[in-house]
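So, here come the structures, one by one.
Same chain, two partners: chain A is paired with chain B first, then with chain C.
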Partner chain A sequence: MYQNLSSDEILNKLAQIAADPYERAKEWKMETGSKIIGCYIMHFPEELLHAAGVLPIVLQVKEEPITTGHAYYPSYFCGPTRSIVDQAAKGELDFLDGFVGGDYCIQAVGGAEVVGNLLPKVNNMFFRLPVGNQAWTHGDIVTGLKELKRDIERFAAKEISDEEILNSIRIYNKNRSLIREIYELKSVHPSLLSSSDMLSIIKSSMVIPKEEHNEILETLLPKLQANKDSIKEEGVRVFLSGSFCGAPKNEILELVEQSGAVVVGDDLFHGYRYISDNITEDREPLAAIAAHYIDKNTNVPCPTRCDPKTDWPQYLVDSMRKYKADQLVIVMAQFCEPHMFFYPDIKDAMQEAGIPHLLLEISHELDSIETIKTRLEAFVEMAV
Partner chain B sequence: MAVQEAKRANRLKSGKLVNKLVNEYWEDLINAKKTGKKVVYTTGLPIGPFMAAQDMAWIHGEGYGARVAARHEEKEPQTFAENKGFNRELCSYARTQMGCAMFAELGVPDDLNPGPIATEIPAPDAIVTCYPGCSTGPQWDWAIERVFGKKIPWFNVVIPYHMGRNGSTYMKGEEFEENVKYVVRQFEDLIKFLEVVSGKPYNWDKFQELMGVTKKVGQLRMEAMELCKAKPAPASFFDWSIQIAPVNYLTAWPGTIEAMQAVKDEVQERLDNGVSAVPNEKYRIFWEGIMNWNKLGWMADKFASYDATVVAGRYTHMAFWHEPDTIDPEHPLRGIAINHLECQLNLGYPITEERMMTLSKDYSIDGIVFHGARTCRSFSRSHFLLAENLNKKMGIQSTSFEGDMVDDSFYKEELVNTRIEALIESLEAQKSRG
Partner chain C sequence: MTSKSDGSSFFTMGVDSGSLTGKAVIIDGNKRIVSYSVKQLGFVSQKAVMMAIDDALEKAGLVLDDIAYTVSTGYGRKRLEIAGKNLTEISCHAKGANYLFPEVKTVIDIGGQDSKVIAVDPSGNVKNFAMNDKCAAGTGQFLEVLARALDVELTEIGELSMQSDADIKISSMCTTFAESEVISLVAEGHTTVDILSGMHKAISGRMKGLVGRVGLQKPVMMTGGGAKNIGLVHALEKSLGESIFIPDEPQIIGALGAALFANDFATGNRKKVEEEQDLDKARAPAKDCGTCSVQNYQLNKN
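After this line comes the complex of A and B, so read on.
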């Protein structure tokens, strides 16, 4: 159905899916009669859920202001967790049959507890993903995966075979590979796609069946490749970092580009972080998924993983050089503790490497958009 | 309407014994390097005996932050941390200790004039994290590891969250047993790590002896607190907060049994003689939230003025060797794991609610104060649910206000006054309705 559309038209379709992220999942449920599981944002083995025949979707932050949710979660918690609580409080997550939480961030733990309370009929699962990177960490992650697999099997009333998991891994790997190809294109031709387009691609991937998303990307990719030489490249080359949980607001991404910058790379969760690495297909599946959690964190370090063998500031310095970026824009969700603990190290690393950076601490309510605009314009102008 | 008269809380006097032990501990710590002791930084629940068995000194991050705040020296390290880029929304214990650690590693900047406690912290030889129910702890310790140039060996005991999956409840069920085994195995690895850091085989005899002390002190404290189920209560939550050191960073320190025995004896004596923590107890309150160390005395007197005894709290009554009978000093690892796994921050919501309801019933609670510690989101995360559900299920009224552990800039004193007054008024109205 996408063959006859232009790349812009396909991107618009993806933007529509991203803007109303649960609609396709609800349709899928009607069509198939199967179950939907919402994954709290970040580290979840969607492949395991997919292998059980359910549709895993990554719960999304909504841009609308939080209202009903205020009664359930304090205002000094991060926007992503408050937004999901708000959606549950408003009944917007009633279509879920289950959801999976984790303990990688205490604000997410609390959010999942509230959602569990608000949605008592929804199966409330938990993925134990131990932090660190010791000799025993891989084995401990495998144990956490086995516990989750057992609970999914109880929920779905079916056993999940290794072959089914491997099949799901292949489908998800294909999706990651296709998106990485788009990233490669964008890093060389950054004006080919806006950062909002990239966000739509990733966000839509998180909320619709991966098989469908793969088909769309297989149609989109050649069209983008065909367009690449007609694009005029200009602007200050900027690398975007942060937001490793909820999606950055489109408004912020647009402001970056309106300020005269082009985004050449990112480590956003709704970005390269989500697809940075594939899962090995020639290993016992749970062991392969566990290894993936350690490997992907080496590729794009995550401050929630508490792995001292990784070095996020150095990764950013290296990425700036790899993508020939002029400036770093850091998007930090207000009250995001893991990010706040790391910012001083990133600041020091950037100063030492002589890389200009701008920290934008973004509240969910976006109460100072004009200030952000002025700061971005002044920052980008420095490099012109 | 409740009329507030200036009344003072009748605090326990035997707490002075604990002060002596605290001073000995800090003396030992500050001079650790001079006496050839290795220094281990820790955060989270008390794991001092693991190090004490190897004759190593340890710094408990939260305990250190609280002590710096109790001496009113917290502003300078907090300012230093903020100047380095640490956001003031980060855990104030962490900001305070990070500031002190940076004084030790980077030196004191010319424009700051910190007090002696804040600048006495020795540099670490190792870091051991054992943090239940909060992702902040390991992230904080990782930040410490980076402050000291990524050269300090770090061991992180991962305490898995006890969510209550598949019907697991407090100290029961498949999830609980899996978690206990997992933590015990990590403690075995921690011991190997400490052998390497200390350069000598682990002293199991001493460790077992220390865990015997820990068990005894834990039992004495729980027995003393249970005496406060009596009406009026002979001691208050604020007393138990002041007495927390012997079951926290002073765990198994020499003299802690005698100190806690003296506390229990005083509580018993008060009970026998009809002496109460608040002169004219009319209301019994539960404190829900972490302690606010620089407001402790002020709060104790504030509630006393309203004839209200804060008799129990999640902070004091659901952690710090609160299950001492699970400790077998001969084989102590399982008991340590249970006390850590089943502590107040690490329990999933349904288990937390059940424990709170049990305590509220046992201590005849009339009302709850929710202290929303702004930078301890682990504690505050379930406050709104607890307020709603305890009211629905038990008819308990509550109030809430924001504050913090060691950053008093998050306090709005008049708001706190108004909220407490509103709770007392509603309790008064409830009592007058019978």
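After this line comes the complex of A and C, so read on.
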């Protein structure tokens, strides 16, 4: 159905899906009569849920102001958790059949508890993902996966076979591989796609069936490849970092580009972090998924994983060089404790490496776009 | 006929469309200030900007067509149609401050809506900066609100606050809450003079934090309307433990920087200057050779 569309038209379709992130899932539910599980950002074995025949979607931050949710979650907690609590309080998540929370940060744990209370008809599950990277970590993660598998099987009223999990892994691996190919194209031709386009690609992948998304990407990719030589490259090369759980606001991404920069790479959750590597297909599936949690953290370190063997600041320094980036723009969700905890080390590492960086702490309500604009423009002017 | 080599009949203009005031500066080809104007009307007022431009042109005995190039800066920078280019006030304050005082390393700009701390290199380029994030606390707007609450003219608050020996603490980081805090202090019977002094201490404490984010390097210059407030300057000098250089007309530094950029653009000098001094490389170290120890060394030295 996307074959006759141009790459821009396909990207527009993906942007529409991303702008109204639960609509396709609701349609899918009507079409198939199957169940939907909302994953409360950030690290979830979507493959395992998919193998049970349900549709896992990653719950998305909405840009609308938080209103009803104020009564249930304090305003000094991060935007992503507050937004999802707000959606639950407004009844916008009533279409969900199941919900999986996690414990990677204290605000996410609390948020999951509140959402559980606000959605009494939704099956509330929990994925215990142990942190660290010690000798026992892999085994611990496998145990967490087994606990979740037990709950999902009860929820879906079916047993999940290894073969089914492996099949789901293949589908998800394909999606990650396709998106990585687009990333490779963009790193060489950064103006080929805007960073908002990249965001639409990833965000839409999180909320519609992966099989459908794979089809769209298989149509999109050759069209992008065909366009690449007609693109003029100009601008200060910027690497984007941060923005855990929630997608960075399109307004911010657009401001980066309007300031005269091109985004050559990122480690955003709604970005490269989500697809950085595949799950091995030649191992017992749960062991493979557990290994993936450790491996992907080596590729793109996550501050919530508390892995002593990875070094996020050094990863950023290396990425700047790998992508020949001039400047680093850090997008931090206001009150994001894991990110705040790491920032001083990142700042030191950047200063030591002589890499200019700009920290943008973004509140959910985005109260001062003008100030952000001035800071971004001044930052880009430094390199012109 | 325009003679660029002589410079006396070649003019560029910088216009700073600030949140509370409009400023225009005209310089000649030798980068000498020919005229300037500062006008205040309302928030990001186009009218104030046009008045400032007309006034500066009139003082210089010029018309708009005599201006070879105009650069705009400030909150309303993108709305000025006569500008060939717009640049942020951060870049422009750095440039203007460096022109007046080439040794300056740190510029503190307290404007109407923003406060900024800028680390400047010897060529007037921005090395680093920090800006107040969201709230207007610690800005000109903050002072205006509180001066109104105390029923004092804005131009008087500096001198008045200098008369106080009291140590009143205004803790709030928020303009609205600070206003109610001030009202409480009035109700408790504290004098206006003491409250003003406390207010300046609160702002200087806040600015000290902003300076800390960039790193204090001497000499320090203060620009923007806030620099006209002697009480604030003294409080800031005390909290930083450094003397601060105040230009004669601190409000026009952004527009002056913009006029200097306009001169660079009009004469095609901007890139040439950077190439000569090799600063481009130093500011974008990861471009070609991120591992180059020489440029990292330069950056750390600066």
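Here is the rule we use: the second predicted complex is superposed on the first by the 384 of 384 C-alpha atoms of A that agree within 3 Å, B and C clash if a C-alpha of one lies under 4 Å from a C-alpha of the other, contacts with A are read in each partner's own complex, and residues count from 1 in each chain.
Everything that follows uses one rule, which is that contacts are C-beta pairs under 8 Å (C-beta built on N, C-alpha and C of every residue); 3 or more make two chains touch, one makes a residue touch a chain.
What you are looking at is a predicted structure, and each value in this text was computed from that prediction instead of being measured.
With both complexes brought onto chain A, simultaneous placement of chain B and chain C is permitted, the two fitting side by side without a clash. In the superposition on chain A, A:L178 makes contact with neither chain B nor chain C. When the shared chain is aligned, chain C comes close enough to touch A:D326, but chain B does not. Once the two complexes are laid over each other on the shared chain, residue contacts for A:Y104 go to chain B alone; chain C is not touched. In the superposition on chain A, A:Y73 makes contact with chain B only, not with chain C. Once the two complexes are overlaid on the shared chain, A:V300 sits clear of chain B and of chain C alike. On the chain A superposition, the C-alpha centres give an angle at chain A of 80° between chain B and chain C, rounded to a multiple of 10. Touch criterion not met for A:A288: it reaches neither chain B nor chain C. Put simply, more of the residues of chain A are touched by B, taking chain B and chain C as the two choices.
Shared-chain residue A:V131: touches chain B; no touch with chain C.
The gap separating chain B from chain C at its narrowest, counted between C-alpha atoms of the superposed chains, is 6 angstrom.
Contacts of chain A with chain B, set against its contacts with chain C after fitting on chain A, overlap at residues 361. Residues of chain B that touch chain A in their complex: 84-87, 89-91, 94, 133-136, 138-140, 142-143, 145-146, 150, 154, 156, 158, 160-161, 163, 165-166, 178, 182, 189, 348-349, 372, 374, 377-378, 380-385, 389, 402.
The touching residues of chain A, counted against chain C in their complex, run 236-237, 320-321, 324-327, 351-356, 361, 363, 367-368, 370-371, 374-375, 377-379, 381-383. On the side of chain A, the complex with chain B involves touching residues 71-74, 76-77, 101, 103-107, 109-110, 113-114, 116-117, 125-126, 128, 130-132, 134, 136, 140, 143, 147, 151, 154, 303-304, 306, 308, 334-335, 337-338, 340-345, 347, 361. Residue ranges on chain C touching chain A, taken from their complex, read 75, 87-91, 114, 125-129, 131-134, 283-288, 290-291, 295-296, 299-300.
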